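Below: a set of structures, written as structure tokens.
Below are two complexes that have chain A in common, paired first with chain B and then with chain C.
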Partner chain A sequence: MSKDKTLTFAFMEPPFESARGTTVFRIVSEAVRSGFDVNVFAYEGAVMMSFARQQQHANAVHGRDIVEENHPLPKDWVAALLAEAAAKNIKLDWANCGLCVDERGAGEAIPGVRRGTPADLWKMAAESANTLVVGTH
Partner chain B sequence: MKVLQVVSSAYRATFEEQDDTVLWLTQAMKNAGGDLDVLLTGNTVNYAVVGQDASGLKFGQWKQTQPPRIEEDLSRMISKGIAVIAVADDLIDRGLGDSALIEGVRRVHRGDVARVMSNYDQVWRW
Partner chain C sequence: MKHYLFIESEGSFAAADAPQFFALAREIKQQGDTVEIFLVQNGVMPARAGSKADGLSAALQAGIAVMADEMSMRERALKASDLVTGVKPAKIGTVVERTAAGWNVIWH
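Coming up: the complex of A and B.
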């Protein structure tokens, strides 16, 4: 893994709250599609992005049942990005801040997501061409 | 590698987390061998002011026994070699230009922020 082909992203945004989360996924997706090795450090509310118990629901206002609604779940986006990276034989290391997981009771992450620490973020950044952080505001 | 942590969102979850989450992350990475400094901008310049007291949060019988102590956090960071810099113009804009700041906090004028950033390999704006 070369440093100039590796990017790190750290973000805090929880799912279903703002456009920032989707934007982070768009950028990570583009990095994976472009062949970069990618590190993601999910901090604070962002650890919920990969929470395995997210569930789809029907939407009466939309007039659609659960299948028709096909409600987007960020855990599926994480899984899709992990699968795309694996298929391209590039690295996507998705780490959730462990203490942030604990305080939210969010230990059940989807397969492929690991528990991490701030030391992991520092190591990720040191091995990357650059780092983009996206905080909540 | 040297990183500048730019903190612009003030008092983000400070009661729930008992600290500022980016200042905490900075200290944790410093303890893991990282080399980081902090730039306080916008409302976060208030973190640098002496005499903060966030104690007293109480809901029913529940009382917070360990409130956030931003002032102590910043002093500890400075003692560990993390430079803490506040944008002077943001202090003045908030009527804090003449306020006593925590010992060791440096002021920088807004026009010099880009020069400060040029001293770092990466700049992370939270």
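Coming up: the complex of A and C.
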């Protein structure tokens, strides 16, 4: 893996909150489509993005059942990014901060997402052309 | 010369420190470095022509290139013709390109 062809993104936005998470997914997707190997370090609330037990739900207020509601789940977007990268033979290393996972009882991540530590972010950054940190104030 | 991309995701209507973010961009520009601003999410709203948001017009007057994320504009029914003069629509790939090119990319 070439350092010049690897980008790292770190973010802390939890799912189902602001547009920030969606923007991170868009940036990661664009990087993968552009042929870059990508590291993602999810910390704090962002470790819940890949939580395997997210579930769709109906919306009684709007009179829609679970199929009609078709609520999007971030874990499915993470899976789609991993699948897209695999199809292109591109490395997408998605690591969740282990401390943040334990705090939230979020150990059940979808396949392809690994447990990491802040040291992984340091290593990812050291091995990348550049790193973008998307913080949540 | 260094290169900086400032990403503004909230705008001064929602974040009181957005004008300081733009002021930092101006300071760096005045030092002779390359500076661009990329507006995304609600950060595109202050780019509407006629908007009275703090900081953005000063950044434009300082000669900083200001871009607005196309998808964020579409979500908010903003057309290119709705933007203040000097702000140009741009794709999210701009962020990837600048990051890959080694720019200092700063998120707010």
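Please note the rule applied: the second predicted complex is superposed on the first by the 137 of 137 C-alpha atoms of A that agree within 3 Å, B and C clash if a C-alpha of one lies under 4 Å from a C-alpha of the other, contacts with A are read in each partner's own complex, and residues count from 1 in each chain.
In this text, a residue touches a chain if its C-beta (ideal position, glycine included) is under 8 Å from a C-beta of that chain, and two chains touch if they have at least 3 such contacts.
Everything numeric in this text was worked out from a predicted model, so none of it was measured.
Superposition of the two complexes onto chain A shows chain B and chain C fitting side by side, with no clash.
By the touch criterion defined above, A:Trp77 lies against neither chain B nor chain C after alignment on the C-alpha atoms of chain A. Once the two complexes are laid over each other on the shared chain, residue contacts for A:Glu44 go to chain B alone; chain C is not touched.
Of the two partner chains, both chain B and chain C are touched by A:Val133. Contacts of A:Pro118 after superposition on the shared chain: chain B is touched, whereas chain C is not. After superposition on chain A, the vertex angle at the CA centre of chain A, spanning the CA centres of chain B and chain C, is 60 degrees to the nearest 10. Least inter-chain distance for chain B and chain C in the combined superposition, rounded to the nearest angstrom, is 5, based on C-alpha atoms.
Of the residues of chain A, those at positions 130, 133, 135, 137 touch chain B in one of the two structures and chain C in the other.
Those residues of chain A lying in contact with chain C across their complex are 7, 18-20, 23, 26-27, 30-31, 34, 36, 129-130, 132-135, 137. Of all the residues in chain B, the ones that touch chain A in their complex are 1, 3, 8-9, 12-13, 21-22, 25, 28-29, 32-34, 122, 124-126. The part of chain C that touches chain A in the complex is made up of residues 9, 15, 40-42, 71-72, 91-93, 95-96, 99-103, 105, 107. Across the interface of their complex, chain B is touched by residues 10, 12, 43-44, 117-119, 121-122, 125-126, 130-131, 133, 135-137 of chain A.
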